[in-house]
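Each of the next two complexes has chain A plus one other chain: chain B in the first, chain C in the second.
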Partner chain A sequence: MKFRPFRLSLLSLSLLIPAALCAVILFLLIYSAPAIGFNGLGFVTGITWNLGDLYGDPVSVRGFTVPNGADYGILVFVTGTLLSSFIAILIAVPLSVGAAIFLAEAVPHHIRPVLSLLVELVAVVPSVVFGLWGIAVLIPLIGHYVSPSGNGYGLLTASIVLALMITPIIATTLLDALLQVPKENRESAFGLGATHFEVVTKAMMPMVRTTLIGGIVLALGRALGETLAVAMVAGGALNIMPTSLFSPISTIASFILTQLDSAESDPTNMAVRSLAEIALVLFVITLAMNAGAKLLTSGALNVRKRQA
Partner chain B sequence: MKLSNLLSRSTALRSGVAALALAATVATAGAAHAASTLVETGSSLLYPLFNLWVPAFTAAHPDVQITTTSTGSGAGIAQSIKNLVQIGASDAYMSDALVQHNPNMLNIPLAISAQAINYNLPGLANTHINLSGPILAGIYSGKITMWNDRAIRAANPGVNLPAHVIIPVHRVDGSGDTFIFTQYLSDSTPSWAHSVHYGTTVSWPAVAGGIGANGNSGMVSAAAANPYSIAYIGVSYAAPAAKAGLGVAALKNALGAYVLPNPATVGAAASSVVTITPPDERISMIFAKGANAYPIANYEYAIINAKQADAATAASLRTFLNWAVTDGNASQFLDQVHFLPLPAAIQTLSQTQIAKIK
Partner chain C sequence: MSASARLKLTARPARSLQELRRTIVSRIGWVACGLALLCVIGPLLDIVGVVAYRGLAAFSIKLFTSTSNGVTGGLLNAIEGTFIISLFGMLIAVPVGIGAGIYLSEYGSNRVGGVIRFLSDVLTGTPSIVLGYFSYIVFVTSLGWGFSLIAAAITLAILIVPYLARITELALRQVPVSMREAAFALGATEPTVVFRVILPGAATGVMTGALLALAISVGETAPLIYTAGWSNFLWNGRFTNEPVGYLTYVIWTFIDQPNAQSHALAFAAAFLVMMVVLAINIGVRLTVRRSTRVV
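Coming up: the complex of A and B.
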């Protein structure tokens, strides 16, 4: 075979990304293996998270050396992550669909680049700024006027902050797709006597459905993994399941961030290994969401093909 | 481009990389020009003090560079054990199990700190309500839920306590403040000691409406944003807490007196443990037995690996730590962060430990 330096270098570069991903998964698997053995299935169904007595002598439980009283259950954090991300999507989708349609259809051509740039700029604001805004503006607002208990920290605040962070992701993907819709489709719809509203909802939106779902998946990935902004406004629930929109919650990513410091003082290392196991769970959740979305979009495509 | 050009460019690049690598080695080893860099990380409570110390110290010792970061006591201990940093700052001393695993580690007190119990009670900010360990344990475990609970009223005769649900605020990040607060609850309340115990994070009992906040500044803003909340906040943050309109509680000490955190009461707590402080200086002054002793006071520790990478680093480290426990304990530094100086006997013990750094 002929030696092809260009192709080889491209191949090695393109393999770098999957290799890094595999390395991360492999590391998490190997590092958390003792925790997976110790925690078993109770890990994802348990509500109690207890590092145990880090200052007493470690004890042996079922052959594992752990701090006395150690009990790692993450249902609270999984619930908090899923709830806050889904509510954020519920808030963000109408906002971003509206914004994208407005930018594509209702804004004069020469203003559109300026406005869409502004939307894109929201996406590059660092998450700590969103967190600060949440603490300084949103929490007092929700605490005083919305929350029955007067407490502004919790599920609703975290979801709104997340929604603002992901709206530009969905809006810009959708806007690009709307602008790609062939002129002929729009104009023939108008020619058939459709109103502007009907043109958008019946002629244009069905064509960009796949892109919209793709944008939502991207946004969901961001929301599931967002760490700092959520840690600042979520209220850091521990050992307690959310019961309302105003309950404090914890998400998986923010919990790893805030617990790592204490986990490091565990002489048996089981706490850090359990945190690695949480990361693995987050990874599985994100993967499942992506796979689900892939199925959904391919399904949507098939339906359209059959209709055509 | 000619081959020779390419070659010379890559040689230049390579020597550049080599120079960088060399610079990095020199910086960590601290061999060249006797200049050494000390890296400090850990406690967010000690961080403001290090920021006052470092400019003053390096002005007198230009051959030593010190960088400081605020990461958390747990990170301070962990990274010092791994020899990633020279100074690990911690509000908590190392556990027996950790010391057994790492016999080279020294726990050296640098100064004395305390913690206030702050509350957001409209109209009662200047009243200094009385609270005890069992009352606080009741609040943080969800057994006492109302401000006008019988136990709180009994401790505060004549105070008009509101019929409102208490919002307990705790730290979500690993924190020496959580360590000393839960140690007070454990020492004063057997049921807390048996169920929750103490640590830089604990498994907080489920309290409906309880809030977790990040860092001491997060505690201040969470308490300020939530009327009828209660929070434990390091005294370094006394000024922002007062500015946010938070009240300071008087706490019941081991001998039954209600005392406010101030230099006299924190000093009383320190002097009550001076004579029983062991040579490795790992001792709690929480719930100290002194008539006027404030119950939540503690030594602020430098966690140091006695075996440093080389002699020059060890020498610089000894110089800095000796300076910190003597000149660094001057009121010009400590007053700004509301810390207290080490008693003379403890200063001597610290210096004996500092001499072990090789």
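Coming up: the complex of A and C.
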């Protein structure tokens, strides 16, 4: 094979991307290895996150040097993450399906670009600005009118903010798919005497179902990793499982964000290592979601090809 | 005549009931869909309105001329910090991202290209807080750089390189194959074809990618909290062991302070960040739409 310096230099530049990804995984693994050994399986089933006695002498537990009484369990944060993302999906799916149908079918051609631009812009508003809006507008609203305790911070607020942030992902995916439904399908449904709305719901929606599911899983991946907005409105629960829609929660991402200062004060470093293990758990969860979305969307292509 | 009238009389009530039901269901359905669209766009308009109203109310000359002092003062250090972090992040990310995009578009239709593309997607989907934590344990503590400009810039670069590579690849693929063939037929070498023919032909697309990446880096917070730290002072030119302040940090921490001055600063910072991000995104989308309409 001919030696091609130009190609090789471009290749080495592009190999930096996989290298960065591998470095992230590798260093998180290496750094959290002692924590993985110390925490064992209790890490994901434990409710208590206790840094232990940071001022006393560290003790040796099962061969690991940790502060006296240290106990790292993340079930509260895993639950918070899954619950808030799940409720966010429950809110976001009807909203984005409705919005996409309206944009695709009911809006005049010359207005559609403006409205779909607005929907796309929702997705680019920085997370921290969403959080600020949540604190300034949503929390007083929910605290005053909805929450029985008068406190707006908690699971419901976090889910609503998350839902608003992921709606454009689902809506734009679905809108693109709806605009690509063959004209023949719509026309034959009209020809059978269906109303316009029935054409959309009974002839067009079934055709884009797989794309819709792919979009939802993609949005779920985004919601699970969302950090700033959630950290600002979720209330930050520690060592307590959520019991209602208004319970304060912590998600994995928001917990990592807010805990570094206290973890740093651990002289044995086990707390910082455990945070690295949490980051690894979050990485695995989002990776699974994104891989799922990818499989589903490529599967959708196959289905469409078979039908054609 | 009478037969058809009788037919109407007998057939109509049954049909119209069902028709009525279907019409009503459709009406309700459309109204629900319209309301859903309102629920998506309404909050955006409210966010822009609230942030603009409260942010502009906090604007003053002092905001842009003095640095922050604790949780009050001005935003000069944060504005400068956001600018230099994004600048150095882009300086690292643009060569890598565009180079990777060129490779993927021109030579990446093999297995290597597929693997790079897949792993690049995985990196895009990685939560930014995970990247920030990685940088914290590697750059800030293990390498001993401390909270610093270089740690923040590298983290941002890791975050935006996959976007840049993807958008560059898509832009270069739009350039017709015939232009490549024509250049090669004239005896041009591979670098000449790439830099003199393909890149100029896709300049708008590549610029679009760079601008969108800039918008992302201006609006990001999570990867910087662990890498840039926070400083009340202007940057003194050091790349390591010198924390840098930035606008999104002001939003995230000052809103938790009890005094109104800090809240005003948070809204002013949010307004600046939001305007930059929205201006870039609207501008890019309008130009892209116009250029595709011409084609």
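By definition in this document, the second predicted complex is superposed on the first by the 267 of 308 C-alpha atoms of A that agree within 3 Å, B and C clash if a C-alpha of one lies under 4 Å from a C-alpha of the other, contacts with A are read in each partner's own complex, and residues count from 1 in each chain.
By our rule, contacts are C-beta pairs under 8 Å (C-beta built on N, C-alpha and C of every residue); 3 or more make two chains touch, one makes a residue touch a chain.
Remember, predicted model here, so these are calculated numbers, not experimental data.
Asks: Please tell me, clash or fit, for chain B and chain C sharing chain A in the overlay.
Replies: Verdict on chain A: clash between chain B and chain C.
Asks: Going by the touch definition up top, name the partner, chain B or chain C, that contacts more of chain A.
Replies: C
Asks: Between chain B (first) and chain C (second), which does A:G152 come into contact with in this model arrangement: first, second, both, or neither?
Replies: first
Asks: Should A:V217 be classified as contacting the first partner (chain B), the second (chain C), both, or neither?
Replies: neither
Asks: Would you sort A:M232 into first (chain B), second (chain C), both or neither based on which partner it touches?
Replies: In the superposition, A:M232 touches chain B and chain C alike.
Asks: Quick check on the superposed pair: does A:Y55 touch chain B, chain C, both, or neither? Answer first, second, both or neither.
Replies: first
Asks: Should A:V181 be classified as contacting the first partner (chain B), the second (chain C), both, or neither?
Replies: neither
Asks: Touch check for A:I135: first (chain B), second (chain C), both, or neither?
Replies: The answer is both, since A:I135 touches chain B and chain C.
Asks: Determine where on chain A the residues touched by chain B overlap those touched by chain C, and list them.
Replies: In the superposed arrangement, which is not itself an observed complex, chain A uses residues 135, 231-232, 257, 260 for both chain B and chain C.
Asks: Which positions of chain A touch chain C when the two form their complex?
Replies: 4, 6-7, 9-11, 13-18, 20-21, 23-24, 27-28, 31, 94-99, 101-103, 106, 113, 115, 117-122, 124-133, 135-137, 164, 167-168, 171, 195-198, 201, 221, 224-228, 231-232, 253, 256-257, 260, 272, 275-276, 279, 282-283, 286-287, 289-290, 294
Asks: Show which residues of chain B lie in contact with chain A when the two form their complex.
Replies: It comes out as residues 71-75, 77-78, 94-98, 101, 165, 167, 170, 172-175, 197-214, 218, 221-222, 225-228.
Asks: Which positions of chain A touch chain B when the two form their complex?
Replies: Going through chain A, the ones touching chain B are 48-51, 53-58, 69, 71, 135, 139-140, 143, 149-153, 231-232, 234-240, 243, 248, 250, 257-265, 267.
Asks: Where on chain C does chain A make contact in their complex?
Replies: Contacts found on chain C: 22-23, 25-26, 29-30, 32-37, 39-41, 43-47, 50-51, 54, 95-96, 99-100, 102-104, 106-108, 112, 115-116, 119-123, 125-131, 133-134, 136-138, 158, 161-162, 165, 189-191, 194, 215, 218-222, 225-226, 248, 251-252, 255, 266-267, 270, 273-274, 277-278, 281-282, 285, 289.
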